[in-house]
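Paired with chain B in one complex and with chain C in the other, chain A is shared by the two complexes that follow.
Right, the complex of A and B next:
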């Protein structure tokens, strides 16, 4: 890390003289408090975001307008909220950071939100996907996603394009699972389909035996089976069970959000995953120029075997948003100023065109229909079948539940 | 070192001697006050240490004195935290001191109800049952999402200023004192209990349960009593935690919390009350420093410290210090 920081500092120093000519501003030091899950089972998520952030800083030193950016990193350890909140507390009071960034798990972002308000520090959410998080503080902007960005359009697509009249939903029984299920149900039923089975499938910690749940779905014989499980081992088990029970032969189509075909796990899934249709905003396989450049830079920095996924893009885009806010405010950061700078901010991200909605401070982006295919070189890849352009979080647009404001 | 010989006919002298304050006992409180004025660590960290001390003290009562090994003590911490949190979030009961006592009382009552059953067992069976209790509580809080907020946590906790004056400010100035005073009262109670005749009977039960039964001591009742008191104090720690953070998640009931507090206490030294102070201070400071320096690898460093302690200081840090002091005195003699 120190080598990377050194490299960055070097690049910054090298670019300073040029910037000083074009922009006669005082070079400020901007401190960014980064709160991510660096340890434990979810450390890989923190690592993806951290690398995404660092990579943007290394490849775009000019984007920060000549100001020095210091990252102060804290481990949020568990999804419990309190550790993240304590970290944020100290970042604000002891380190006097100008901007807060990161947040893998929703409870961590929710617990910290009041501090952003109290300390008047802007907070950039790079993952946490519970829909109503930005409404918890006027100083929160989110560059990641909500569960509704994938679930809701998937529901509509399942009915309108895949031709499913009936569907079953199976989900891991914790908030993102329920949120995703609700999003799918709302989208599916609003376009005329009906949900005939609704099955909570155990908790997020251990991978359950999916056979009894899937057997129930097979007996109910829906046209589509929407599954939300945490990325990783859960997803692999889902694919295996689905194949073992011969559900595809029974005429049931497996669909879900792109979390279950996360780039970092895709290669482990094998042939059973081929043909799977998911809805998501990013895959490392996108053949757009921006993404090709991003993936190439990633592999150059972190090794040929390393793959960025949607979390890495959250880190990358978040850093781009921060760079924009710093330049707009000439390095003197205020919470209001940052929100004003990010309101309506547009960016060409590796995932495509994104924007921060001025109304909700949440992300507006394309949702893409992914199909898993076997490439010629034997690797599994993602083909984009179609795009639903510029989706604003449907939960807030439709004012459902807590998204409607309290 | 002269050992005073006590008259077995008159145990009151022995008990009174044990209750007498030693000058060194003022040390932790002087340190605590000095931390406020000099702030070598942030007060926020100080508050965390104080809460951990209360929680560790509560565990010391049953583990260090009663000899009850538990892996589910977070159940009572969590009960206190959730009750105090839900009173505020759902019923608008925002007064801090009564909220704290309410949370602790419910935790104590829960400790009584569960302790009555749990303490019929001992050894491995007890260990497994306490573990199961902790897991069941965490799952219960997960499924009763309407009240507890489930995985996303209980938000909407608003705590009034203490006595209508002292707010929970960003720097935790007021809550440091609030936690310190709570710690002091809990400690006084613990000290009084362990040095009473009741406390001595607990040590007797720890050392030789059968013999205590043989001399007519109501073993089960004694254990349930101390377990209830311990649960009450764990509830105080939990309630303080909820008020300071104004947020409660399933984490307060997690197995990790039960395990950590056990480690904290063993690190400091069991059965000596001040072990809780030393353990909490060292554990949290080391964890905080390591996590700041190495966000990704701090657990490795912490594990290393704990392994070293377990290998070389079987009696915990305070036990090691006592041995050292004894050793020095022997050298002098």
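Right, the complex of A and C next:
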């Protein structure tokens, strides 16, 4: 080898690292199609998730590896599924988005799932909690929760710790409602309790007058009354009706998933909510360092009176997952690459440690037992009575119903 | 006490409270539709507006609940007069489609306007102490507020009945509902009468909206969500009939409650069955003016 050639080879070798480093400087534009409820009664959910996503982007600009992220937002309005599906179709064909994200209501996610498969676009679910949603497409990953994360352990807890032998279940009559009821029933009956009333309580679009349903439960006198309603306006009405009918005085204990003690609604519920026990994965009241920082950033961005809730955390964690997928693939997004990056992804979320289960593409996280208490400053708060660590969706673990037959 | 009687009492009581709410809101719609034949789909928006006036009075100005309801009545009643003159009056001779489109347009604007000011979520109010809790009737306890709702409904029904049956203006309104042309021919100023009735009906809807806050909750979309129910009450009761609206509200309120209590899976199915059955037998409703002809 001549000296000249040797020098040339040496130069080449020396410049290699520079080449390797200079590649990511070529910033890619990643388009994210965001499908959320931005109008109507469900606008509050869309706002929470939207803000959670934005907040993560503002506070962690470095997490995206220098690539530009453009959010293209579409309003899915209501839980029917049709509007969301149209929006997703448009996002995939006209806007050519790299990743789909959002999805407040389960029917919207279900209706959109086939399009994610056909268009080979990864879909990050930030709320919709019906257990079998990830089975609908190989390109779905969920960062939020399933109804079974709360319903199943709540059923066990109601029997084993709260001492309820009989229970009634009331639920809003749409997929996550039935799912939550099934989760509770499975947990409750497998630990020895019996479900004596099973009451669908109207659809998700309108808040019904809950009185006839609750009166029926009161007359049946179970030990526990498990209620699933969509978070938000339904939940406030549930607490109010329960108090108006004097059901607590009649010896019935109201329990449910944390949707009924949502952070954003809690202060409006007043004394009627004190003592309520729910199972959930997040409350703004968690005193962990990660959450304190998250809540402080939230209040700095959206006002002192504003409170993040579990939906905001869904948006925040979802954006973190997307950031991870983008940096892993160096800004060039494919469906397979995204799913590979998210498989087994772990993150310190405001709710605690979370992971995407490589098998089910669903979330693994802690389920916490919440009790509503009155704090010294007069505000209502959440105390954590106990934790069931790192719960993988029990519906899929036990292969129940549609969760079993993928 | 046996389970059957307990259930029956529960259903009747809750149904009656719900019925009175339906009556207070729907009666105005029935009378104005009977009088002018105007299809006012913005009636739900008036009720919604009344609800928000109540909320604003209580939460922003600190007015107690009952005076806030009275204010809601006057606010909505007075607000409806210029609306009637400017928007409704030009369309009295227009087709039903024009009327429906115009009044539904008002509803959309009202929903958007209220959402802009108050946001999309239902506001909460704090009821006065005497309306909280339960009343113990010895064998069973009932929510005090629903008791109050029933009393208010009956008092209003009696007051309206006396006003219709025992005053000159009431007699004129009845005459105009029965036969507008004849009433005009004998010198009754139907236009003026209609403004008065429209304002009264709108005001009652406003009070109904205020009363609804603690029963079904109020939100901007209340204007649409319950409109179908109000129209059913009007159709089943018969246009322009006070008795009809009262009876229809009770029948539908109690049956809806019974359906949800006894057969929750069926949901709101019963109310439609009853509606179809009544209208098949009596196409003009219980006491519609066409029924006797």
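Annotations
Rule of thumb we're sticking to: the second predicted complex is superposed on the first by the 372 of 406 C-alpha atoms of A that agree within 3 Å, B and C clash if a C-alpha of one lies under 4 Å from a C-alpha of the other, contacts with A are read in each partner's own complex, and residues count from 1 in each chain.
To be clear about the criterion, a residue touches a chain if its C-beta (ideal position, glycine included) is under 8 Å from a C-beta of that chain, and two chains touch if they have at least 3 such contacts.
This one's a predicted model, so the numbers in the text were calculated from it and none came from an experiment.
When the two complexes are overlaid on their common chain A, residue A:89 makes contact with chain B while staying clear of chain C. Applying the stated contact rule after C-alpha superposition, one finds that A:138 touches neither chain B nor chain C.
Touch criterion met: A:78 reaches chain B, while chain C stays clear of it. In the superposition on chain A, A:115 makes contact with chain B only, not with chain C.
Of the two partner chains, chain B is the only one touched by A:106; chain C is not. Judged by the touch definition given at the top, the superposed model places A:213 against chain C, while chain B stays out of reach. By the touch criterion stated above, A:38 is placed in contact with chain B alone, chain C being left untouched. Applying the stated touch rule to the two superposed structures, the overlap between the chain B and chain C interfaces on chain A comprises residues 39-40, 43, 203. Put simply, chain C touches chain A in their complex at residues 3, 6-7, 10-11, 14-15, 17-18, 120-122, 124, 126, 133-134, 141, 143, 145-146, 214-217, 219, 221, 225, 257-258, 260-261, 264-265, 267-268. For chain A in complex with chain B, the touching residues are 36, 38-40, 43, 46-47, 73-75, 77-83, 85-86, 89-90, 92-94, 106-107, 110-111, 114-115, 118-119, 130, 136, 174-175, 203.
Those residues of chain B whose C-beta lies close enough to touch chain A in the complex are 42, 44-45, 48, 142, 150-153, 155, 170-172, 241, 245-247, 249-252, 254, 256, 291-292, 295-299.
On chain A, the positions that touch chain C within their shared complex are 39-41, 43-44, 173, 199-203, 205-209, 211-213, 215-216, 219, 232-233, 236-237, 240, 244-246, 249, 268, 270.
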